[in-house]
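What follows is a pair of complexes built around subunit A, which joins subunit B in one and subunit C in the other.
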Partner chain A sequence: MSFYTVSAGALNGLMLGGLYACMALGLSMVFGVMRFVNVAHGELLVLAAFLSFVFSTAFGLHPFIVVLILIPILFVFGYVVQRVLINPLMSAGLEPSLLTAFGLSIIAQNLFVEIWGGNTKSLNNNFSEMNVTLLGIDVPMLYVISFFVGIIVTLGVHLFITRTYTGRAIRAATQDAATAMVMGINVNRIYAITAAIGAATAALGGTLIGMTFSFTPTTGFPWLLKGFVVVVLGGMGNIFGTLAGGLLLGLSEGIGAAFVGTGYRDMVGFVIFLLVLMFRPNGLFGLKGSE
Partner chain B sequence: MKRILTIVLQIFMITAFAGALHAQSAPKEVVIGASVPKNGVLAAFGSYAGWGYKTAVAETNAKGGVMLKKYGKRVPIKLVVYDDESRPELATKNIERLVIKDGAHALLGSATPPLVISGAVVAERERIPMVAALSPIRAFLGANKAGWKWTWNMFFDELEMTQQQFLTLNSVKSNKKVALFTDNGQDGVVMGMLWGKNAPKLGYEIVYHAKFPVGTSEFGDLIRRAKQAKAEIIIAQMITPDAIALWKQMGALNYKPKAAFFEKGGEPVVWAKILGKSAEGTMVAGYWHPDLGYPGAKELRARFEKDTGELYSQHIADAYAAAQVLIDGMERAGSIDPAAINNAIGKTDKTYVVGPVKFTEGKGKRSAALPTFMLQWQNGDLEVVHPKKWATKKLIYPLP
Partner chain C sequence: MMDKKYSPWAILILVTVVLAFVPSMGDRYLLFIAYFLVLNVAFAQSWNLVGGYTGLISLGHAAFFGIGAYAAAISIITFELPVIAGFIIGGLASTAFAFLISFPTFRFKGIYFAIGTLVLAEALRIWMINWEYIGGAQGMQFPIGIGFRLTGYFYIMLGLAVGSTALLMYILRSKLGVGLRAIRDNEDGAQNLGVDIFRTKLTALMISAFIAGLVGAVHAGRLGAIEPYSIFGAAWTIGVVNIVIIGGMGTIFGPIVGAIFVTLLTEAMADFSGIHLIIEGVILILVIRFMPYGLWGFVLKMLRRIPLFGGTRA
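This part shows the complex of A and B:
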């Protein structure tokens, strides 16, 4: 194995990590604020990919243009689902909302099949076969785009959380929902906005997945698993931690593939996931006690 | 006492007569069960198989059903199809459900070895005949060392198929260096091994062999290694979503082989639809083409495209023919007795839409190999490019 193989794996993995971060950001936010494990997050990503496919084929639009339409659509979708289906169950403990999300995931998969069929799809775009040479290493253009999108989205969400009234309310609800309620914050609305932001980021993540890889109605689950790894690595609910978790997962997968083979790429990620859970259960960048 | 005995005798006679009448009365319908992948990574194959089965059964029912001599009449066929979602464990459950709950008299197979074999195991256990297509023969036979007794398979032989890639390229110039990309599915393992054996015999060198699990989506490292090994030819055996990801990433990493073969993954029309122009010139070994001159071949393509609005796939032919082989077997058996149907299927010797079908003899063989050739995507359609006697278009080489 040459130095080139390892460094190429590392650089490509790091760039792909941006997509991982983007894909997992919504999952992390929802868990961080509500302690709610949204097992339907994978289907949100697939929904975004299918909607992007519909808009881009029907109107001949580039997926990057379509995503600008999808972000508000999924924002509203996420808000309504949270407000109508999940919020009423939040007071009953973790199980009812978890089971509801699980049910939604199954319903969504079946709906995808009914509407779009079971065949493989991918988002056609001019970037998918373009590459960029960085430090003498060829990197797919979409990986590079994903890297920067991951950073920009993370910064955007961070600014929203830290610089706006709603963002501060989200932080308050994250720290202590009961006290936030006493202080006049409508916690149910805050939960819905958080879910809406999560769904909006899934619009970006799903579109990038559809452009870079391919998707079917059942693709959501493997992406959900990868999302969990990113969230645990970065520290649950930690915005910058999610970015770091995504980049770290991409990097370790890339280096791992160079050393032990692509067949074990996912295994490398899951081994790191288990090690972090064993030795730093709050994640690499999580705060102590935040679990 | 005499009177009582007479009554008992009468009752006995009436019961026996009614039983005999019942034994001779024809069933209301003959149930054929099938499990196909309508969802999941193999959904494309399931849609073709499902259409083939449905069309063959509908044709028979249009004539009044399957002719069963024992009852002296035609009996309509009820086709029950369940979705195995590309999951072997569900294929097993579906076949169990078809036999136990739906009372299937005979079965049709799913697609690809993991799904076909998972269902075939139940067919063997329940002693219900099954005709399968869409499962390469060596992978099928290798899965049951004791030998299949109730399952019949008609598809291509991997040994012959894994020579087609090299034979196709014999007429053009290349550095004869090949990179293999095979997944860990049953057919990926078998065919990867056969390419490794066939290449040196036919003057080619395998300079790199990438092995990976089904469902892999990131191939950067493998592509770089194939590129470093200077392979001008790539041969892949993988499912469609993975194959699409691999081909896209090859383009993105600036790796342009002169010839590319995508077995299994490059065959369904979604391959050409999704990849558009970049699918042009990619190849996949085939066993059926509407222009080969088999009876009803052109009409079958036309009917599929009219029904679905989609481009045909060769899988419509073997699925359609598999159902016909099963129905013919039932007609020859003349009854719904599973053993009689099973014996009759074994005597199949007829040219169907997919070509001549005759099952190999000998314990446990129960397979019919369809002749193979090479197909190439040209202008959104699959054309035969090798051998010359069957060619419908000239080979595009190197890849555009």
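This part shows the complex of A and C:
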């Protein structure tokens, strides 16, 4: 193992970290705003990948064009699911919404199999063969794209949350739902919009996953776990924390895989997860007692 | 509680006696279903203790089950210990694992418990697949002639199902049981009233893990060969969560009702496993929304309207 192997692993991992941030952002948002642990987030990503597969093969469109159609579709989907299935359970504590998401994930996985079969798929695109040379290291083009998409999406969500009226309402509902309601904010609508934004970011995340890797009906589960590692690392609900968590996970996986071999690549994330849980339960950037 | 007009113990004894006669009916297929039924009951009670009564939603119960299975297999195959001793070691190994994971996962009032158990169970599964000492992806095989016949395994599993149900009934009447439910209903309030939160949760989790480990160990013996993909598979967790919630989480007989419902549904739809899980998922969501105490809770609510059964809650 040379210095080159480690630095190549680090740079590749860092770039891929953008994808991690992008796919985990929705998970982090719905938790941060309404304490909803969405264990069906992985299926949301896979749904986006399958829909992208359907549209790009049917119309011969590039996945990056298809994603422009997917974002509004998943936005509406997230909004409706939140309003119809999750919102009525919000007052009953943490468990009912979590378990409903659990049920949704079982349903989704099996529906995917029934509709699209269990075969491995990937989104064909002209970028998957390309490499970019950065600092003398070859990095897949899609990793570089992921890096920038991750940063842009994070900034976009941040600007929306801080600069718009709806964004301010989301922050109000996050801090104190009851008071926000008294101030005339429709908290149910705000929750649905938050879920919708989360699902829209999953459209991007799922597209990137489908382009960079392959997917099957059950791929959502490993991505959900990775998402939790990112979110716990960055602090649940912290938007910039999620970006940092994604980049950090990518970086440590890249370096770790150079040392322990790619077979244990996923273990790196799990070990970090365990350490953060034990020593920094509010995330690396979280404040004490922010729960 | 004083005005209750039926005894939960009577129901338990009645169900046990009925099930105990299944082997003598001589129908092997029926015995097979009955075996899965009692397995599901025992495993479901294990989940019910933490998920239903303590408010700790375990999304990694397959790990407790799998550790029990592997610890038993290693004891019996590698160290040639007696079968029953192997089963008990399976339960104890699972208990030890529960102790270890309690420190990272008991943070953040149960939120991290759901996430942590989900992630740790998967990490463990990947670890087991790569660990060559215990057979890696191939798994382990019991020597021919070791263990019991199906009837024997059925009675052992029936014993675990009845024993775990009785244990839960006993715990609920003890100080521990009061502490558990206090934590579930209001953790801050329980702490203010002097409940040792960490210790109470830990005790519940370790008991739950012991039952799950025993069930996994006995099932490993019954299978005769185990491999990590299926023994640590998420299907065990999905199954147990469905059973307890559909039957009624936080009730004593809910898991039994849920196990009967899910086992029969699984059998009825054995040829359509994909659609069967979709249906189960839909039922799960409907039950969470409209019957917070599951089918059993719904039955009790209906019974309460009949004066004869007034004021019951089990």
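We adopt the following convention: the second predicted complex is superposed on the first by the 291 of 291 C-alpha atoms of A that agree within 3 Å, B and C clash if a C-alpha of one lies under 4 Å from a C-alpha of the other, contacts with A are read in each partner's own complex, and residues count from 1 in each chain.
What we mean here is this: a contact is a pair of C-beta atoms (placed from the backbone, for glycine too) under 8 Å apart; a residue touches a chain by one contact, two chains touch by 3 or more.
All values reported here derive from a predicted model rather than from experimental measurement.
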{"item": "Partner chain in contact with A:D138 - subunit B first, subunit C second, else both or neither", "value": "first"}
{"item": "First (subunit B), second (subunit C), both or neither touched by A:F240", "value": "neither"}
{"item": "First (subunit B), second (subunit C), both or neither touched by A:L98", "value": "second"}
{"item": "Subunit B versus subunit C as contact partner of A:T120, first or second or both or neither", "value": "first"}
{"item": "Partner chain in contact with A:S128 - subunit B first, subunit C second, else both or neither", "value": "first"}
{"item": "Which of subunit B and subunit C A:F160 touches, first, second, both or neither", "value": "neither"}
{"item": "Residues of subunit A at both interfaces, subunit B in one complex, subunit C in the other", "value": "113, 222, 263, 266"}
{"item": "Touching residues (chain side subunit C, partner subunit A) in the complex", "value": "55, 57, 59, 103-105, 107-112, 114-116, 118-120, 122-123, 126-127, 130, 234, 238, 241-242, 245, 274-275, 277-278, 280-282, 284-285, 288-289, 292"}
{"item": "Residue ranges of subunit A in contact with subunit B within the complex", "value": "2, 4-5, 8-9, 12, 16, 113, 117-122, 124, 128-131, 138, 140-143, 212-219, 222, 253-254, 257-258, 261-263, 265-266"}
{"item": "Of subunit A, residues touching subunit C in the complex", "value": "35, 37, 39, 85, 88-89, 92, 94-96, 98-100, 102-104, 106-107, 109-111, 113-114, 221-222, 224-225, 228-229, 232, 236, 263-264, 266-267, 270, 273-274, 277-278, 281, 291"}
{"item": "Subunit B - residues contacting subunit A, complex", "value": "37-41, 43-44, 46-47, 85, 184, 210-213, 215-222, 224-225, 228, 240-241, 244-245, 248-249, 251-254, 268, 270, 274, 276, 278"}
